[in-house]
Amino acid sequence: MATLPLLSDADLTPEARAVFDDIRATRGSDFINNFWRALAHDPALLAATWDRLKVVMGPGTLDPLVKEMLYIAVSVTNGCSYCVHSHTAAARAKGMTDAQHTEMLAVIAMAAQTNALATATQVPVDAAFDAGAPT
Amino acid sequence: MATLPLLSDADLTPEARAVFDDIRATRGSDFINNFWRALAHDPALLAATWDRLKVVMGPGTLDPLVKEMLYIAVSVTNGCSYCVHSHTAAARAKGMTDAQHTEMLAVIAMAAQTNALATATQVPVDAAFDAGAPT
Amino acid sequence: MATLPLLSDADLTPEARAVFDDIRATRGSDFINNFWRALAHDPALLAATWDRLKVVMGPGTLDPLVKEMLYIAVSVTNGCSYCVHSHTAAARAKGMTDAQHTEMLAVIAMAAQTNALATATQVPVDAAFDAGAPT
Amino acid sequence: MATLPLLSDADLTPEARAVFDDIRATRGSDFINNFWRALAHDPALLAATWDRLKVVMGPGTLDPLVKEMLYIAVSVTNGCSYCVHSHTAAARAKGMTDAQHTEMLAVIAMAAQTNALATATQVPVDAAFDAGAPT
Amino acid sequence: MATLPLLSDADLTPEARAVFDDIRATRGSDFINNFWRALAHDPALLAATWDRLKVVMGPGTLDPLVKEMLYIAVSVTNGCSYCVHSHTAAARAKGMTDAQHTEMLAVIAMAAQTNALATATQVPVDAAFDAGAPT
Amino acid sequence: MATLPLLSDADLTPEARAVFDDIRATRGSDFINNFWRALAHDPALLAATWDRLKVVMGPGTLDPLVKEMLYIAVSVTNGCSYCVHSHTAAARAKGMTDAQHTEMLAVIAMAAQTNALATATQVPVDAAFDAGAPT
């Protein structure tokens, strides 16, 4: 089930097809996952999302695998089933080992736990943690 | 404000004091942040939380700074103000640069955005992402 | 799967049946969706929920379609799969066009993104935004 | 700061005043907390919220203190600072002991942790847990 | 408190200054809120966020006020205090009346409530709601 | 679908087998649900999670059924489908009646609703609720 039909390649507008072409070229794979097939209904939204994703997940100061793990951490916390699946697969493809996978799970679970405790106790932020004084 | 008084060192039970001693020794610092001062009301909860945190955030297959960034990603998504502050400070202390900091923010923001789109479109998980067939 | 059996019309108490009758009359349709068939186990909860929904989503200062879109925005953010499906269908039934649908998705995604950035940076609320001075 | 001014008693419409009177009579206290002073801008919303709260938190099959603790669990998970404070105070007023308080925190933290693990692993629901076959 | 210092106009790089100039021109106001002063640490992130926001919140098929209300609905559900404040102020500036404000609150609250009920009962999505059959 | 294969009994390491043995002995049942079969990939994570769960959900000052209901409240709010199913089944096994079940749903729904209102109005915490003055 979905709230929008998933578009096949034959249904694409030229603008959407250009984005699919770029996804395929960037990833070196013909496979286009369902997420993009839903967004393809709005080529401008599709293009804006893909273009930004390519920049954000592209070369920078953080390792590509670290970025995928950050993505998983957010997706788990948001309870996004699709995203947990797709980014765990992506992290695997980028070399995440079994040991790194379960160690990441332990960190995410620990954070969820202490988040709950900090929120439940409503402890004030220590002054030592402030980095935000106006310059 | 908090839902539990924050305990000063003079208020601790011997069991809680032992945990504070271990926090200080492990971190090489006298500073005990408010989170632990609230949990100190229940020495068993304090000890269980700290002991597990020490294992989870200790040596393993992931870099300590990566673990702090995963912690931040979860805390941001849960909206835990205290945790965002404390783990951003911890990541800074472990060497997170300005560029890594803002690159991490961009990844977290991107994930929040595509999480929302995947949830709003309710696209089915692609079969290619399944890693869970029973063995 | 569900945590409560879904009640068929034959299983209803008179109080629950009266609510189903009102749902059908209000909507001008015989179809009762699964949500109400689960709540029907507790006729008082069913009645309270439906009665309030009818008022809140009924005539007022906001357009009915706008209300459905607000409902979708909350449901997406809460990750409620059932609710995203049912209220997207309701918004479609109230005239939401394809273009409005994807434009709404873009707004929801943008909000998710800047929410994450504001939470991650923990910026203080500008004094200019305060509307809450006691009268 | 707030997004609506908090109304003093002198600012109330007669309908809002009647709700405040009922809150005071029900609680046996003159104190009206800020939540109601914000809702008082819309007497119909104020009345609907209070009337429903009085029913839901009133006599039933669950102990009043258990209901407050459930309320805290939801509020912590939603990250609602105001609600965590107000319902922790309410639970205290209904007799929650220090030991019950911290034991509740441990349960909430445990749930947050295993929620994260279940979501991260995306394990399918066991057939044994299904209670929802249509009757 | 914040996790990044807020930059004053004097601290900006030329790229960040250009974004601030565009914010001021677009809004017809000299006021730059704290959100942008934090993002200004990373001019590329600042520019990407502002450029996309300008498009998404700009002219389209939805009324600008409706877009602000959708933004508020997401921000409330995410528990983003800063965002609730800033977008409520923006909605006010775009003409949201008191009656529209509290009616929106009632819809958001209703959605939160039925989201919880649908998630707690785990009712399956009705086949009638499916819009996602592949074309 | 899952992000990790579910391990059968034949796949377990001795350490994981010992945990499964303890789960079976503690619960007086041969049934091991999928959650543990996923965690079994990392015997240390499996053991730490189970050992802590046994303590937290074991004897204390709160009734075992109350603890399961708190667990449900958190799981619903986090939108964890697996957890809602498993802990509702557990609460049923511990004697939760139909009336208690739906009364709990009403409390959870009420909390979700007023959480949204408190967050949307951003009312300041009343001084009367503060329990956190340093001792």
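For this structure, a couple of remarks:
Order of writing sets the chain letters: A, B, C, D, E and F. Residues in each chain are counted from 1.
We adopt the following convention: a residue touches a chain if its C-beta (ideal position, glycine included) is under 8 Å from a C-beta of that chain, and two chains touch if they have at least 3 such contacts.
Values in this document were obtained by computation on a predicted structure and should not be read as measured data.
Ranked by how far their CA centres sit from the centre of chain A, the chains are topped by D. The most distant chain from chain E, with centres taken as the mean of CA atoms, is F. Chain C and chain F have CA centres that are 26 Å apart.
Averaging Cα coordinates per chain places chain A and chain B 19 Å apart. Averaged Cα coordinates give chain E a centre that lies 33 Å from the centre of chain F. In chain F, the positions touching at least two other chains are 1-4, 6, 38, 48-49, 52, 74, 76-81, 84-85, 88-89, 99, 103, 105-106, 108-117, 119-125, 129-132.
Chain contacts here are complete: no pair of chains fails to touch.
Residues of chain C that touch chain B in their complex: 72, 76-77, 79, 81, 84-85, 88, 105, 108-117, 119-122. Every residue of chain B that touches chain A in the complex is listed here, in rising order: 1-4, 6, 31, 33-35, 37-39, 49, 52-53, 56-57, 60-62, 66-67, 69-71, 73-78, 80-83, 85-89, 92, 97, 99-100, 103-104, 106-115, 117-126, 128-131.
Contact residues on chain F toward chain A in their complex (touch as defined above): 1, 3-4, 41-42, 45, 48-49, 74, 78-80, 132. Only residues 79, 84-85, 88-89, 98-99, 101-103, 105-106, 109, 116, 121-124 of chain D touch chain B when the two sit together in their complex.
Residues 1-8, 11, 38, 48, 52, 55, 125, 129-135 of chain E are the ones touching chain A in the complex.
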